[in-house]
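Shared between the two complexes below is chain A, which has chain B as its partner in the first and chain C in the second.
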Partner chain A sequence: MEKHRIHKKNVNNPAVWAFSGPRLFMKKERTHKQLLYNPKSAAWVLAAPGLVLLSIFVILPFLIAIYYSFTNRMLVQPSSIATEFVGFRNYLRVFTDPIFSESFLNNFYFAIFAVPIQLVLSLLLALLVNKKVKGISIFRFIFFSPAVIPMIVIAVAWSLLLTPGESGLLNTILNELTFGHFRPLDWLFNKNVALNGLIVMCVWMSVGFQMMILLAALQSVPQELLEAAVLDGANAFQRFRHVILPELRNSIIFLVLSSTIGSFKLFGQVFILTKGGPQNSTSTIVYMIYEKGFINQQLGYASAIAVVVFLVVGILSFIQQRVIKLTD
Partner chain B sequence: MKKKFKVFTSVLLTLGLLAGCSDSKSTSSSGNEKKSGEKVVLTLWRGQGTDGEEALHKQQVADFNKQSKEVEIKEEVFPYNEFTNTIRAATSTNTLPDIMFMDGTVVANMAQLDAIVPVDENIDSNVKTNFSASAFVKYNGKTYGLNEQEGGLGLWANKGHLTKAGVRIPTYEQPWTKDEFKDVLSKLKKVDGVKFPLDMKINYGGDYVVYAWQPIIRSFGGNWWDENSHKVEGTLNGDKTVKAYNYIKDLVKAGYVNNKQTEDTLLVSKKASLDLTGHWNYPSYKAALKDDLILLPLPDFGEGSYTGVGGISFTVSKAAADKGYTKQAMEFINFALGDQYQQKVNTANGSLPANLNILKSLDAFKPGGDLHLYQQQLEGKRFVVRPESPSFPTFQSEVGKATLDILSGASINKRLKDASKAIEQVISDNEGNKK
Partner chain C sequence: MKSQKVSRHINKTGIYAGLIIGAVIYILPVLLVVFSAFKIDRIKLITDLSSFNAFLPTGKLGLQNFIDVFTRIDIGHFFFNSVIITGSTVLLGLVVNSSLAYSLARLPLKGKKIILMLIISILIIPGEAVAVPLLSMVTKMGIVESYIVQILPFIADAFYIFLFYQTFRSIPKELEEAALIDGANYLTIFFRIILPVCKPTVITVAILSSIGRWGDVLWPTMVTRSAEYRPLSVGVLQLFSTQPQNWGNIFASAFVMTIPILVLFLIFQKHFVNSMASSSIKG
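Right after this comes the complex of A and B.
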């Protein structure tokens, strides 16, 4: 009924008439309109530009990567070698390469430590800068600033901070703060510490951005709820635990999911600072893909790693979502 | 109406974007076919250099175009750091220009991809007879690239420190020996202000090792690969290479080399006495140390003292050869390698002109000159060449990683074996199973 009325209204609209030309094309015009005014088809039409771009630049390359992962394809294929199917050779290499498992564990280690630390720190910062104090926006700006500095600048700055030995900046600061109890670390030169160095840096980098998201969520916590809690006699911790935290739930879920996926995409910091060393202690999967695909030109092999990673990250996100739903 | 308009424009924009993507292919190669008047127009691609280099290269093209009646060169300049990726991308889309000025280490890869052609037949006699042997970049025995300039690698030293320590100053004829070198380092370590006497430029990262350590490894009798059989296993992890690594590790253990170095100016700030770098540091070191700066050959660890070479090469593309323009392209390259430009190479960027006669005639390279050693080494063919292999980037990355791992405590034998296996795999992937 509703649809029909709209349609009819438009048919009688002189402006539409004037534009749609001779009556001869009337029928075509009608199907055209149906396409646009039917909510289902209109959705497709409007989404088309985005979908086209997405399929060309994301979906299609991914399908090609799946295809390449079963071939001997090189980055630039020499004319003397034909692109051939090699079965599961590339996947066999992935699973027998010790560097792959090391890289994978590094990514896990990174996610397990970086994600919660980032979240807790950014929550604390958000609570702090949510206080209505004069000049607080300056602190918000300062804490947020790492999010707008290009990664390469951050990495170079941190390579200076992480200078090994007693003269290193971070070493000196930690040493002073602990009254000499902190022994200088070799940071990026020691295989047992290097990944931690990267975690420290990445946490510093992303805390500001996460703080901003949590701050926005904090500010949308209804004031009435907090007032009601005060009237009910809830203390500050109880208000945080039972009123504020539940209200932040969605933002926290978003941050956990996105930073977990981000942890598996760790690349730039590794590329600039350590190149995966020393002794593969900071090698990550994406760095490995880069190394195989672009330095070694083994595109087929690199594609196989990418496919494996896609599956793993997909499964991880799925499990995370399930867990979140269960706790709902 | 409004909705319709929105849909229309978004579809139009999308189509425009797609059209934009497919268009770019056809435009860049079309310039090659065009003839301006009677002249054949050839395109030259190169990475952007320093101001001095830019002036020299622009001059070459301008002068050539003025004097040639048949050929005109049109140059296109790309960001230097991305140049290798640029030509690789152009290779996969068949849009390479006629002439390229590319890093010598990429030449073998491009040759294997059939993107460039051998030029042996069209090399000018001046280039053939006067240029250093290292200037001819080869793949499978044929010359694909011609270097305009060469690098020099040795030990920059603080003469004041050497006299204070009371050690002999080595020469081209009589470099330090293996045992003498350790003795020298132990004496230099005692000089005031020196913490680690030998600066091996660990701060340059792993990528530097394949170049700077090769003369040392070669002097022990080892190498990154066997230059004749092209086998990596057995050479990279062979006894002699392992011996070289053990020796360097001893230097680290004794406190002569800092394996966690991050500073770049140790020689200049007089915290180190010897510095393993090349010609490119000459201007800044000279300015800082003045007459205290001297250039020393690397020690002879048993099989002679060597330097490392390398440069940027002129190459002719397959596309130019297919059009029958190899000769015309080489006409320009021979012209650009002519004496008047060779004379300017050193002032342009401090490197060594590949023409040995010109090199000899420059004051800095004459006997008594600061850089005379480089001339002696090139003339005497005391140089090593990095693997001229299509998989060179893998050599660079694997050797670098293995070395840094070894410096941070990994087992030498195992790590070099792993590296050689990794390189062998890439080589066999890259070159197929040659029958």
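Right after this comes the complex of A and C.
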């Protein structure tokens, strides 16, 4: 009886025909239910909401940005000024704007210093938390915690740590640790140091996350390999250099490339803590989009910067894909 | 034999030393926020902030800062807004992103390759880069100053679609086939069979998008002008950037803002960390 019922249901189920050869009924009224049984129409039903939302709220604004980048459009267009095409004038301005080149160099500087420091520290932490000692999961959580604390809260704490002068917390700590040899820095208030202050905070924030990824890779290193290396008389450093490191290669490449890309997308920390200052010393290319577009209302110019950012990040991502494919 | 034992002992001490030094560096800023939130003597709180006392529960402790932020600046309303905005975005996002990903990964969707390429290129666009054009768009649509303007644009997200896509591709086809033979339609199969199997990814996406939405400050600053629809993140940012800073209020509201995400994370920690690590390596 039960078998019969299922069989009968199948007859009306085009999805099953698709899997089981010739169709029994070619024409059938399309009811609401039918739509969900046919794999082709079900595919559209399931995909539609996402596709519509992505088109309206991501693709469309991006296309609008491309269009605006060729105009003199303002965010709130004054009625006395008409929107006009200005050709490549905005792009010309991007490449001749000293603030843009300064911002771009800031991103570059950030990538050059933050990426390797993050990698080395997270590798060290990953090796440490890979040890099977008591309470290790608590330590893992502590190191990972900045990933789940809202950035604004982290920024509040770090703004105090980075307080300038003798009374600044980080200055006091570093001074004590070096027995008075550390000269207090003005961190976020000195244009020669501010970017370094941001790097310190960003490294602190992202090391734990990278550690988790490396930890997962470490745990997949075959135990036999390590044991064989011990039997061969390899010391801890040799084991790390010749057994563990090669196994971590793919994860390390992934982390280096994605944090490089992240360096060129840097925004939140700048937005909350420094607003690009002092004297543009912490401005980044993404921050410039906000500053020019929202604060200065120059939507056309900001859009041109956005397109350039897209190209920069796009090229980096393309390189990433290539490198990952090559190493696979 | 004995020397091996001794060296192992030294080794273990070294490991703990390293772990504890690292942990101190990570715990200090957290202690700073937590203890300061409970310090009720205003002057003591500020003087503490320039010495090691910042990391210690010194002076008089109490709940006055919390009472202040809830009664004087109505942080509760900001909190409520954040819950509405984050909650709806995350829940709708889970449904929308996972179904699109399922369609891409397992169903004969027309133009699949093009859509997939499009989604991968969307991954490149930093959200902040399109925020200003998006703002001019939603202004024209007349939806600024609302919950909807803070929810709708963030439901569909290329990154989460991609995470789901990778997961769905790795589950065996037999699961669906068996259900099809039992007469289930694709919607039922997806929600009743596929999604429950992919629970770790669902949890990962839920946590990641909760963190992202809960903490976002840029978009809500751009689209809200009054306290009515403002989320907690902007509330904290406002307190933080108002001079002179009232640190008691800042710390208490920062504390309130951190707890929900932290609790969410602690509940689902295991699934989250495992699947996050494995999916990011594949990605």
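A few remarks follow.
The rule is short, and it goes like this: the second predicted complex is superposed on the first by the 249 of 328 C-alpha atoms of A that agree within 3 Å, B and C clash if a C-alpha of one lies under 4 Å from a C-alpha of the other, contacts with A are read in each partner's own complex, and residues count from 1 in each chain.
In this text, a residue touches a chain if its C-beta (ideal position, glycine included) is under 8 Å from a C-beta of that chain, and two chains touch if they have at least 3 such contacts.
Because the structure is predicted, anything quoted here is derived from the model rather than measured.
After overlaying the two complexes on the shared chain, residue contacts for A:L36 are found with chain B and with chain C alike.
Once the two complexes are overlaid on the shared chain, A:L60 sits against chain C while remaining clear of chain B. Using the contact criterion defined above for the overlaid structures, shared-chain residue A:F143 touches chain C, although it does not reach chain B.
When chain A is checked against chain B and against chain C, the one touching more of its residues turns out to be C.
Legend: residue contacts after superposition of the two complexes on their common chain; A:K191 is shown touching chain B, with no touch to chain C. Using the contact criterion defined above for the overlaid structures, shared-chain residue A:G233 touches neither chain B nor chain C, since it reaches no partner. In the superposed pair of complexes, A:L46 makes contact with chain B and with chain C alike. Of the two partner chains, both chain B and chain C are touched by A:L75. When both complexes are overlaid on chain A, the residue A:A302 reaches chain C alone and has no touch with chain B. Once chain A of one complex is fitted onto chain A of the other, the partner contacts of A:G180 are absent, as it touches neither chain B nor chain C. For the contact definition in use here, the residues of chain A common to its chain B contact set and its chain C contact set are 15-16, 19, 36, 42, 45-46, 49, 53, 75, 159, 163.
Put simply, chain A touches chain B in their complex at residues 15-16, 19, 36, 42, 45-46, 48-49, 52-53, 56, 72, 74-81, 159, 163-165, 186, 189-191, 275-280, 291, 295-298, 301. Those residues of chain B that touch chain A in the complex are listed here as 1, 3-4, 6-7, 10-11, 13-14, 17-18, 88, 91-92, 112-114, 205-206, 259-260, 262, 390-391, 393-394, 396-397, 400-401, 404-405, 407-410, 426, 429-432. Only residues 6, 9-10, 13, 15-16, 19, 33, 36-37, 39-40, 42-47, 49-51, 53-54, 57-62, 64-65, 68, 75, 124-125, 128-129, 131, 133, 136, 139, 141-161, 163, 167-169, 172, 204, 208, 212-213, 215-217, 250-251, 254, 265, 267-268, 271-272, 286, 289-290, 293-294, 299, 302-303, 306, 309-310, 313-314, 317 of chain A touch chain C when the two sit together in their complex. Chain contact summary for the complex, chain C toward chain A: residues 12, 15-16, 18-19, 22-23, 25-27, 29-30, 32-33, 49-52, 54, 95-97, 99-100, 102-104, 107-110, 115, 118-119, 121-126, 128-137, 152-156, 158, 161, 177, 180-183, 185-188, 190, 207, 211, 214-215, 217-218, 222, 233, 236-237, 240, 250-251, 254, 257-258, 261-262, 265, 269, 273-274, 276-278, 280-281, 283.
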